[in-house]
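Shared between the two complexes below is chain A, which has chain B as its partner in the first and chain C in the second.
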Partner chain A sequence: MIFYLFTILILLLLAPLLLSFIKALKMYLLFKKPVSVFQGYRNFSKLMQKETVISEESSRITRVAPFLVLSPLLVTMFFLPPVVHGAFYVSFVDAFTLTGLISLSTFFLMLLGLDSASAFGGMGSSREAFIAALVEPAMVLTVFSVSMMAGDLGVGQAGVNLAMHFPKAHMASFLFAGISFFILLIAENGRIPVDNPETHLELTMVHEAMILDLTGVYLAIIETAASVKFVIFASLFASLFMPFGLQYAAPAAMLLFVLKLFIIAAAVALIEVNTAKLRLFKVPNLLGIAIVFAFLSLITFYVLGA
Partner chain B sequence: MIDFLIGLFLASLIVALFTSRLYRLLFWYSLNSLTLGLLALFIGEELDDKAMLITGIATIVIKAAGIPYLLKYLSQKFHLVRQIQPEIKVQYAIILIPAILVFTFYLSEPITHMIRSGSNDIAVSISSLFLSLLLMMEHKNVAPKIIGFLCMENALFLLGITATDGMPMLVELGIFFDLLMAIVVINLLLHKEEANQ
Partner chain C sequence: MFQFDTLSLVFVALIVLGAVPNLFYSSGYLPHIERKAHYQLHYFTFILSMLGVVVSANALAFLLFWELMSLTSWQLILTEAKEKKTIDAAKFYFIMTHFGFVFLLLFFLIVTDGDLETGFASMHGIAAKFTYPTLLFFFMLLGFLSKAGAVPLHVWLPYAHPEAPSPVSALMSGVMLKVAIYGMFRFLFDVLYPWPLEWGIVILVIGSLSSLIGVLYALSEHDIKALLANHSIENIGIILIGFGMGMIFDSMHLKVLSSFAFIAALFHTFNHMSFKSLLFMGAGSVLHQTHTKNIEKYGGLIKAMPVTALTFLIASVSISALPPSNGFLSEWMIFQSMLGSSHLDDTSLKLAIPFAIFALAMTGGLAIACFVKAYGITFLGLHRSTNAKHAHEVNFLMRTGMLLMTAVVLSLMLFTPFYIGWFDEVLKGLGHLSVYAKIFPDTVWNMHSVAVHGGVVSPLVLLGALLGVTALLMFAYKALKVKERIHHTWGCGYRTSAKTQYTATGFAGPIRRFFNWLYKPEEHLCKETLAGHESKFSSSHYEVHVKPLFEASLYDSVGKAANVLSYWVYRLSHFEQTRYAAMIFNLVLTVLFSYRIFAHEFSWATFVLEGVVMIISIKVLIIGDKK
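Coming up: the complex of A and B.
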C-alpha cells in the first residue's frame, strides 16, 4: 500500500518536470539556451499567487470545469500498473474505463473552451473534439490488444503479467501495438505533429486556444492536468510496452521506471525537433495509421498468433 | 526476436504506403531491407547455415545501403518528382490495408498447414507481397513504382528464407544479379524518359 501511494506521489511530482525536460531538451537541440528543468514548478507557484480574473460572459462552468478536467486524470493515476514488485494495484480496470476517464477530462476541457465565449475557445474545442474522436477508438483497440497478449483484460494485471512472463511468441503484434500507442501518446498530449504546445498562432493551436481565457489558479490547474495526462500516457507506455525491471528491489525498480519515463520524454522531444507540424486536415491520416496498426496488432494476434 | 523483425518488416512497408515524399520512401525501403537482412542473419544462425549468413550480409550491403543510395543519386540526376502523392486516398487506404491483411492471413492458412515451422512468416510475406503491389498501384510516378517492385522482391525473398529453410546460395545470388540488372534497366528507362522530355 505504501508503495502504491508513493508511486502516485512520485508520478505527480515528476509530471511538471517531464514537460520542462522536453522543452529544455528541445531548446538545447535547437542551440538555444535551455530553460531550467524546474521551470514547471516555478510556473505553478507563480500562477498560484496570481490574481484570478474570470470573463463576464462565462457561466458557472468556468469555475467548475478546471477541477473536473483534473479529477478524472487523478483518478486514472490510481489505476495504473504497478512499478514495484509486490505493490498494491487495481487489477480490474480495463481499456474502456481508462479511455473513458481520459475522454471525460477532455470533454470538460472542451466545455471550458466553449464557455469562454470567445471565437478561439470554440475553434479549439471543435478541433479537440475532432482529434479526440479519432484517438479514442485507436486507444481502446491498442490497450485491448495488449491486454489480450498479457492474458488479462485489466490494465494493471496486464502490466504485471507482461513484466513477469513476457509473451515472446507475440512479439510482432506487440510491436504494432507499441507503434500505435506511441502515435496516440503524441496526439492526445498535443505534441508537435498534431498540435504545437508553444505557439499562440491562431492557425495552429488546439490546446492553447481552449485555455486562452484562463488566469491564475485555474490556469495552474489546467497546466497541471496537461502534465498529469502526459505522465499517465508515458507511464502506461513504460509499463505496457517496456515491461522489464519489475522484479528488482524496490528502489532500483523505481529508478528504472523514472529512467524509462525520461527516455520516452526524450523520444518525444526528438520527434518534435525533427518533424514539422501537420496541417489539421492531415491529422486524421496520422491517427488513421495508428488505427491501422492497432487493428493489425489485434488481427495478427488472433489469426496468426504472432 | 524473429517475430519482432517480421513485425518491423511489415510495419515499415505499411508506413511506406502512407508516405508522400520520395526520400522518405527510400528510407522506409532501406529499413525494410535492413530488417530482412537481419532476419536472414538470425534465421541463418538458427539453422547453422553459413550460406544464409552471406546472403544476409549481402542483403544489408546491397539492398539497405546500395540501392537506396543509387536511387537517390538517379533521382537527383534525372530531377525526378519528389512529391509523390498516393492516388488512393488515405481514408480508403486505412480500410483497404487491414482488409488485404485479413484476406491474405486467411488465404495463406492452407499453405501454413503444410509447413512445420514459421507459418506466420509465410502469411506475413504473402501479405507484404500484396501490400507492395498496392504500393505500385497507388502511385503514378515511376520512382515509387520502382520501390514497389523492389519491395515485392523483398517479400519474395522473405518467403524464400522462411518457407524453405534456406534456398541454395546460388539461387539467392542469382536473384541479386537479377535485381542489379533491374536497376540497370531502370537507369536506361530513366535515360529514355529524359530524352523524350
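Coming up: the complex of A and C.
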C-alpha cells in the first residue's frame, strides 16, 4: 500500500518535470540555451499566485470544467499498473474504463473551449473533437490486442502479467501494438506532429486554443491536467510495452521506472525535433497508421500466433 | 390474448419508465398545442397501444396494437401540420411503417399457417416445418427494423421525429423504437430459434453500419431534433451489435457469452430510452423558448435555462458513453462481449469482429464530438439570435418531466445490478443461461465480464472517486481564496460578440471535410467582394447541406427505376387490348410458378424450365417483333 501511494506521489511530482525535460532537451538539440527542468514547477507556483480573470461571456461551465478536466485524470492515476513487485494495485479497473476517463476529461475540456464565446476556443474544440474521434478506435483495438497478450483486460493485472511472463511467442503483435500505442501517446498529448504545445499561432494550435481564456489557478489546473495526462500515457507505455525490471528490489525498480519515463520523454522530444507539425487534415493519416498497426497486431496474433 | 411473462413485463417497465415523466412534460407542453383534444386522444392511445404490443399473446392482437401504434404516432406527427414539410414527413413515415407492416403480416401469415389467432407458443412448431427459415428471418427483420430505424430502413427517422411535438418525439424515439426491439427478442427467441450463424452476422453488420451512419449524419445536422433522431439510428445500431453478438455466440455454442451480450443489448435498450427521452425533452424545451430548431440560432441558454442545461448535460455525458454514466456501462458490456470473440473457433469470424469493434469505437468517438457540438453550441457561449436572448426556463410541469427522466437515467447508473437482475430473468425466461452470478460474482460493487480475461468495472466506486476528487479540488480552490476579476473574452482587439463564436457548421467542419466522400455536401458560398479583392468582402453567406447517401442513392434510385419500368410497360402496351391480356396472362403465370416454388418444392430443373417458359412468353406475347 505504501509503495502504491508513493508511486502516485512520485508520478504527480514528476509530471511537470517530464514536460519541462522535453522542452529543455528540444532547446538543447536546437542549439538554444535550454530552460531549467524545474520550469514546470515555477510556472505552477506563479499561476497559483495570480488573480483569476473570468470571462464575462462564459457560464458556470468555466468555473466547474477545469476541475472536471483534472479529476478523471487524477482518478486514473490510482489505477495504473504497479512499478514495484508485490506492491498494491487496483485490480478491478480495465483499460476501457481508463480510456473512458480520459475521454471524460477531454469532453469537459472541449466544452470549456466553447464556453467563452471566442473563435479560438471553438476552433480548438472542433479540432480536438476531430482528433479524439479518430484516436478512439485505435485505442480500443490496441487495448484489445494487448489484453490478449497479457491475458487480462485489467490494466494493473496486465502490467504484472507482462512483466512476469513476457509473451515472447507474440513478439510481432506486441511490437505492432507498441507502435500503435506510441502514436496514440503523441496524439492524445498534443505533441508534434499532431499539435504543437508551444505555439501560440492560431492556425496550428489545438490544445492551447481551448484554454486561451484561462488564467491563474484555472490555467494551473489545466496545465497540471496536461502534464498528468502525459505521465499517465508514459507510465502505461512503460508498464505495458517495456515490461521489465519489476522483479528488482523496490528502490532499483522505482529508479528503473523513472528512467523509462525519461526515455519515453526523450523519444518524444527527438520526434518533435525531427518532424514538422502535420496539417490538421494530414493527422488522420497518422492516426490511420495507428489503426492499421492495431489491426495488424490483432491479425498476427490470431492468424500467425506471433 | 395477453401474456405477462418476464420479457413482456420488462418492456412494460420500459414503457412506464419512459411514459410517466413524459406525461408531466406533455401536460406542461399542452398549452402550446392548438388541437388539444386530437393530441390528447392520440397521445394516450399511443402509450396504451405500445403497452398492448408488448403484452399481446397472439398474432392478431400483436398486429392490431402494432398498427394502432403506427397510426396514432402518424397522427401525432400531424398535430401541428402547418408546413408542407410536416405533411411530407408524416407521409413518408406512413409509407415506411406500412412497408414494414406488410412484411410482418407475411411473417405472421406463414408462422400461424393462416390462423392469426394462434398464440406465440405454437408458432415455433409451424415455423420449424417451413422450408425457408431464412425467408422468415428476413420478413421479420424488415418488419421490425423499418420501425426501429436501422440501415437501410432508417431514412424516415430524421424527417418524422423532428416534426412531431417534442413530448411525442421523446416517446417515439425513446420508447416506440424499443417496441421493435421487443419484437425481435420475442420472435427470434420464441419462434425462430435456433439460429444459423449467418443471421447473427447479418444483424451485427446492420448494427455496425447503423451506428456509424447514424452518428456521421448526426454530426452534419443542424436541426437539433433531427440530430437526436440520427443518434437514435446510432443507438439502435449499438443495440443490434449487442444482439448480433449474442446470436453469433449462441450459434457457436458459447451460451454464457451469448446471455451476456443479450443482457448488454437489453441494458442499452433501457439506457437509450432514458437518455434519448431526456435529450428530446431538453431539445423540446429549447425549441419551446426559441421557436426554432436550428442549432445555429441558440447559444448561451445555460444562463437562462439552468435546469434544462443541467439535465441535457447529464444526458449528453450518458449518450457519449463516458464513465461513470449508464451509457458507458452498457457500451462497456457490449465491448466486453465483442472481446469475447477471441473464444470463437472460426478464424475468419475472429478476424471480422475487430471491424465491428472498430465501428463501435469510432461511433463512440464521433458521438462525443457530436454532443460537444450539440451542448456547446446550444447552451454555451453567447446567444446567436434575439429569441435565444429572451429565452427563460420552461414551466414547472416540463421541468418536473425532465427531472424525473434524469432520475431514471441516474437510477440506471446507480442500480445497475438491480436492472441486470431483471434482464437476467428475461434471458432465463427465454430459455438461456442465467449469468447474473457471473457478472456480479461476490458483491454488487464490481461488474465482471464473463469472457475469460475479461475486464471489471465498478461504476459506483468510479462515481464516488470522481465526485470526491472534484469536490476536494473545488474545496481547495475555495480555501485558496483566489481573487477573481470579470472581464470580456479577448477577441484579438475586436469586440466579442455572438458572431465571433464558432458555429455548429464550423465545429463539425473538420469531420465533414474528412468524410467528404460520404457526405458529398452541397455548398453555397456567396460573398460581396470589395473593389475586386478576392479576400476582402463586406458580407458573405455560407451554407452547407448534406443529403443522406442512402436517401440519394437507394430511395431515389428505386423511385427512378419504378418510373422507368412503368414507362416501359406503358409503352409496350400501346393501349392494345391483346397486349394487356398477354400481360395479365404472364402475371398469372409468375404467381403460379412462384407459389409452386414457395409452397411445394424447389428443384433447379423445374426452375430453369419455368424461367425459359416465362422468357419465351414475355418475348412472344408482350414484346413481339421489332417494328
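Just so we're on the same page, the second predicted complex is superposed on the first by the 306 of 306 C-alpha atoms of A that agree within 3 Å, B and C clash if a C-alpha of one lies under 4 Å from a C-alpha of the other, contacts with A are read in each partner's own complex, and residues count from 1 in each chain.
Here, a contact is a pair of C-beta atoms (placed from the backbone, for glycine too) under 8 Å apart; a residue touches a chain by one contact, two chains touch by 3 or more.
All of these numbers come straight from a predicted model, not from anything done at the bench.
J.: Based on the superposition on chain A, does the combination of chain B and chain C result in a clash or a fit?
T.: On the superposed model, which is not a single observed complex, chain B and chain C fit side by side.
J.: Name the contact category of A:Pro284: first (chain B only), second (chain C only), both, or neither.
T.: A:Pro284: touches chain B and chain C.
J.: Does chain B (first) or chain C (second) touch A:Arg127, or do both, or does neither?
T.: second
J.: Please work out whether A:Ala95 is in contact with chain B alone, chain C alone, both, or neither, and reply first, second, both or neither.
T.: It touches chain C, and chain B stays clear.
J.: In the superposed arrangement, does A:Val292 touch chain B (first), chain C (second), both or neither?
T.: In the superposition, A:Val292 touches chain B alone.
J.: Go through the superposed model and pick first if A:Val135 touches only chain B, second if only chain C, both, or neither.
T.: Second partner only, chain C.
J.: Who contacts more of chain A, chain B or chain C?
T.: Chain A has more residues touched by C than by the other partner.
J.: Give one of first, second, both or neither to describe whether A:Phe233 is in contact with chain B, with chain C, with both, or with none.
T.: neither
J.: Applying the document's definition of touch, where does A:Val303 land relative to chain B and chain C: first, second, both, or neither?
T.: A:Val303: touches chain B and chain C.
J.: Taking the superposition as given, does A:Phe182 touch the first partner, chain B, the second, chain C, both, or neither?
T.: neither
J.: Name the contact category of A:Phe257: first (chain B only), second (chain C only), both, or neither.
T.: In the superposed model, A:Phe257 contacts neither chain B nor chain C.
J.: Consider the C-alpha centres of chain B and chain C from the C-alpha centre of chain A, and write down the angle between them to the nearest 10 degrees.
T.: Value: 90 degrees, nearest 10.
J.: I want to verify one number: the closest Cα approach of chain B to chain C after the superposition, in Å.
T.: 7
J.: Which residues form the common part of the chain A surface touched by chain B and by chain C?
T.: Comparing the two interfaces on chain A, one with chain B and one with chain C, the shared residues are 284, 291, 295, 299, 303.
J.: Any idea which chain B residues touch chain A in the complex?
T.: It is residues 1, 3-4, 6-8, 10-11, 14-15, 18, 90-91, 93-94, 97-98, 101-102, 105-106, 119-120, 123-124 of chain B that touch chain A.
J.: In the complex formed with chain A, which residues of chain C make contact?
T.: Residues of chain C touching chain A: 299-300, 302-303, 306, 317, 320-323, 328, 332, 335-336, 339, 342, 347, 350-351, 354, 357-358, 360-362, 364-366, 368-369, 371-373, 375-377, 379-382, 446, 449, 453-458, 461-462, 465-466, 469-470, 473-474, 477, 480, 482-491, 496, 498, 500-503, 506-511, 513-514.
J.: What part of chain A is in contact with chain C in the complex they form?
T.: For this pair, the touching residues of chain A are 48, 51-61, 64, 67-68, 70-72, 74-75, 78, 91-97, 100-101, 103-104, 106-107, 110-111, 113-119, 121-123, 125-127, 129-130, 132-137, 139-141, 144, 147-148, 151-154, 212-213, 216-217, 221, 280-281, 284, 291, 295, 298-299, 302-303.
J.: What residues on chain A touch chain B, complex-wise?
T.: 168-176, 179, 284-285, 288-289, 291-293, 295-296, 299-300, 303-306
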